[in-house]
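Each structure below is given as structure tokens.
Shared chain: chain A. Partners: chain B in the first complex, chain C in the second.
So, the complex of A and B:
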């Protein structure tokens, strides 16, 4: 690589080196500078740094700045100057009971959905590993369909399924025998007008949408585990439970680490599904995503308060992630 | 927005900005007023853009085309002016206004506004000051005074009333007859007993829909008991939900679901059109399908229903009763206004077109065709609203109120913080009455004064 940059075709007598010829072009000098300071790798990073900078860093910095300003429509239009307001946006949301209720809902929701998704995904992954070729292709194909369904489509489908007017869920429950928990009281039951049923529905929806990714990742991991390990364990008389915890899981730990982190980030920040199933207007059912959206895009838009809430959300995720990664590194799961 | 549920009006504004904008636009519109009748042929615009709210239904388009023809005839100097009508769905209008304000592009010359949005838009500086035009307008004395007052701020006019609309209770005469109800209820006790009778007569239906997110309906029960949502004194708002009368109104509405069981649980958390932001569904759909026996909405409600009406012949209305009879409960005076956008280049031509749209004859034709009320006192009383549907709404229109639904921060209270919808929902879900009302009362005072809940 270095040779192609510095070596000048047709000038083999003076290859790039410590003694540049006096007539060395600018191009050559730059090349030498890069080589001397080992800058080449950094130049190759430039495109992705620019992309990340534009797409992630700049908006993040803007959000941080807005969270300390009074940034609303009048400021966007330029009718009023932007002023710095210190921590008043933060103080506002920290004194808002709606914020605390939505933070609580987000935390509990993630705490329930993440483990359930991982367990379901793992079970399906193990199943896929055991199935024959055709059946495995069929099951993973079906699972991938759920994963490939756009969040909006999936939410609308669930909304219809659980609709009090003619939704198939209520109809089924109403027609089920009493000893199975069915009964007429399910007819016209609204799943979305209070927190517990609404988030039960959302839990099913999010697990349905995200378990295929877990399953396929686990399956990919399982394929790397040498079959002899499982065989010898079986010969030694270990059952499936033991084999999973003693052999499979320890070997797949790095994969689980990533999956767990991704799941926490996805489920903690769930918005699309919540917005479609619950919608605006039921503030007692908001999670943090809804709370932010409602601050930013209704009347009057307060981008500052939403930015402050977004920053708190980021902070919570950072604390979880950093703490988790640190402890994993200490345990040696990541090197 | 006034009439239909939408995500709300636009901007909360500081008085300073409003004054600054008002100052600019008043100076520019004064010469316009002077030239409006004399004719401004020298500056005939090539095109005027009119934003009308709602879907472009045939009857509205026909009416609008008639207006344009008459405009060209009455004002020959604009014979070559193209009037472009843009139909903006109610649910999109606030974001479209925001875009027009923020970007300055694709802005209208004239816009229709829901009457609860006019004060907010005027304060935001989105509307031109048309004080001198209105004051010299020959039709001004005939306008319904309360509606015109809603369009003024600091004794300047920013819009003129275009039509009005009120809510009442929809019912079906055949069902009333079958259930042995001889005349519409005039007290709350009768309303409940009639709802129960209907529900008994028609198993599987609901007596009367009481969705928790229907502030305009809840307001009528608060007012109907003699209470107030909030009162203003010296520029400071005080929420009044904790007065005995207001509490009686709130409690009655909640009890329709909680105690009398004449409204189903699925309406808890819904508007009259279903989920917040939905444009059809909810009790509106159930009523016209024959699954709910009575429900609260305006005469425009059939327009929101997308299916086939179960029984069109027997539809009728009656005003929301007061607590103990006597006058019916005051209803929220909904409606639309016409205003001139602050950035228009042709305020004179704009005003001339508004004069054609909003003269007594044309506004009455429009209102009659669509189930609204004209903005003129004489036309309102001359019209015979004798159809079973309109007679009830016409009675309701005799007793209206708009405050505090036109307060500067009202849209924040109702569409960002959902103060009254949340209160009703919490109570319907069993929250302790007294402490909950007190909590939301404090919240409402805070929002109305500062735009913040706490």
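So, the complex of A and C:
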């Protein structure tokens, strides 16, 4: 851990002068070699590099390779050899209207959910900052429980809430007065059978699941803003709207950049919630993640076409990730 | 949010009544936010306690009028899913705990390396971890499925442990690194000067100080592995006896004629441990995740 001895060349090269048996001197030699060349940290990284390499990086490379092959059911069972087919998988998905529809859904969904989540999270963060200690702990505790709810549970709950047979959402809407948009036509309304209602439900679900993280991050950021800045602005007669845009937001901009990019990555790549709420049946409601997953895991499986779509998804997320990493590094995440 | 538009400090000039009213307004808003946020969770628990006659109705009530544990009984004795709950719980705990221990061990080594040594490729390594963490699992699962098929790891809990260990590592290493870096290096140096070897320094000096951080990090790894859905769904597709808890919830849900009482009961049983863990580490949660962003 602490470098105290630096190896002397004599020790490693001539074991003859030592009393130790040859095995020990070999051990010693290795130890000194590691010390002399400062290799200890590299050895400590080896297990993590192997694990992440095999389980994460290697599959990512394979996706790229498979996307240029003809990997299907016959190739999996070994009936036919795997051959390279160039860009034909890409040209296939680029001519598939379902691919474009799934890409469009992913893009629009992210474009709607990301700002709504950031706004909700910010408002709750500002509220938490203004509340008393006990009240703030209560509200943030509630938010924490929403955050803690696993994606599977949250999706199942929201499906049940919006269920056409006995769901509380339809019942409430059916019993609401007309001027609030309610009415009997809501009774038994199915939220998952067409794209717009399904993604409305998913929007509420994803905001519910991710606003706590935004709120807690914004709150932590607000604590770093000197109180005097706000006070002097208030004395000068600025209202909260102006104070937020002129003082708080500029100071929290780096945090917002990170939160924005993380939210885009999460919402564009949303999968578990979409899988559970929409299910395999409704192909026209797939987002990009569902599209590539179902290409691989519904019969007949076409792993290569799925890999091409999966690579498109990965590439989009990688581009955003590079932005996220750059902004994290710029703020001194790596010291 | 109109309440926020009124300057607070300047309010000291105003009558205390307005200030109290504003405070009451804020508190009311806080309660409203908390209630809306808690509602889905509340309704999950409430549904799980309802007899089926109160669930299969077109006029739902918020609270069960005749609360019953029948749904929990059906889930636990296996009447609902065909397999007793204990089997799912055992699978989940086995996979999760082994993955947490493995990833904590591997991450500890890596965290000490990046926090205590300066070496070439150190930043590269850290940046690679950040990038790798963002790769979409529903994409990688395609290639991993084919690999697992040829490695005979499909329908195997061991196979899941490998994935969970690897995918928990990036966050675990990043979090642990901060905890290790927070321990003053001088303490280790003093122990080393007193003649303690590297392993003694690790166990007697570093470990006790990093332990709370290690607990927080393990909780994160636990939550990730315990909640994970995509890999479990893909790798354990055929053998119900191997299902983990999230799959058991989805399994109940995906069968025809969904029994919502049982689904909500198994969701509740599945979710409560995560919530307890979350509340336990809530302080660290905010810190650990945001420190990177707030710095500077």
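Heads up, the rule we're going with is that the second predicted complex is superposed on the first by the 263 of 335 C-alpha atoms of A that agree within 3 Å, B and C clash if a C-alpha of one lies under 4 Å from a C-alpha of the other, contacts with A are read in each partner's own complex, and residues count from 1 in each chain.
In this section, contacts are C-beta pairs under 8 Å (C-beta built on N, C-alpha and C of every residue); 3 or more make two chains touch, one makes a residue touch a chain.
Predicted model, so just to flag it, every value in this text is computed and none were measured.
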{"item": "Partner chain(s) touched by A:213 [first = chain B, second = chain C, both, neither]", "value": "second"}
{"item": "Touched partner set for A:112, first chain B, second chain C, both or neither", "value": "neither"}
{"item": "Which superposed partner A:324 touches (first chain B, second chain C, both, neither)", "value": "second"}
{"item": "Chain B versus chain C as contact partner of A:251, first or second or both or neither", "value": "neither"}
{"item": "Which partner reaches more residues of chain A (counting touched residues only), chain B or chain C", "value": "C"}
{"item": "Partner chain in contact with A:294 - chain B first, chain C second, else both or neither", "value": "first"}
{"item": "First (chain B), second (chain C), both or neither touched by A:76", "value": "both"}
{"item": "Doubly contacted chain A residues - partners chain C and chain B", "value": "76, 165, 279"}
{"item": "Chain A partner contacts - residues on chain C that touch it in the complex", "value": "1, 4-10, 23, 26-27, 29-31, 33-35, 37-38, 40-41, 43-44, 47, 55-60, 105-107, 109-110, 112-114, 116-117, 119, 122-123, 125-127, 129-132, 134-147, 149, 162-163, 165-167, 169-170, 173, 181, 188-189, 192-193, 198, 201-202, 206, 223, 226-227, 229-230, 233-234, 246, 249-250, 253-254, 260, 263-264, 267, 270-271, 274-275, 277-279, 282, 285-287, 289-290, 292-296"}
{"item": "Sites on chain A touched by chain B in the complex", "value": "72-74, 76-77, 79-80, 92, 95-98, 164-165, 188-190, 192-194, 279-284, 294-295, 298-301"}
{"item": "Touching residues (chain side chain A, partner chain C) in the complex", "value": "1-2, 4, 38, 40-42, 44-45, 47-49, 51-52, 54-60, 62-63, 66, 71, 76, 123-124, 126-127, 130-132, 135-136, 138-154, 156-161, 163, 165-168, 171, 187, 208, 212-213, 216-217, 219-221, 224, 231, 234-235, 237-241, 254-255, 258-259, 265, 269, 271-272, 275-276, 279, 289, 292-293, 296-297, 303, 306-307, 310-311, 313-314, 317-318, 320-322, 324-325, 328-329, 331-335"}
{"item": "Residue numbers on chain B that touch chain A, as the complex places them", "value": "7-14, 16-17, 20-21, 94, 98, 101-102, 120, 124-125, 213, 264-266, 268-271, 275-278, 281, 285-286, 411-412, 415-418, 421-422, 425-426, 429, 451-454"}
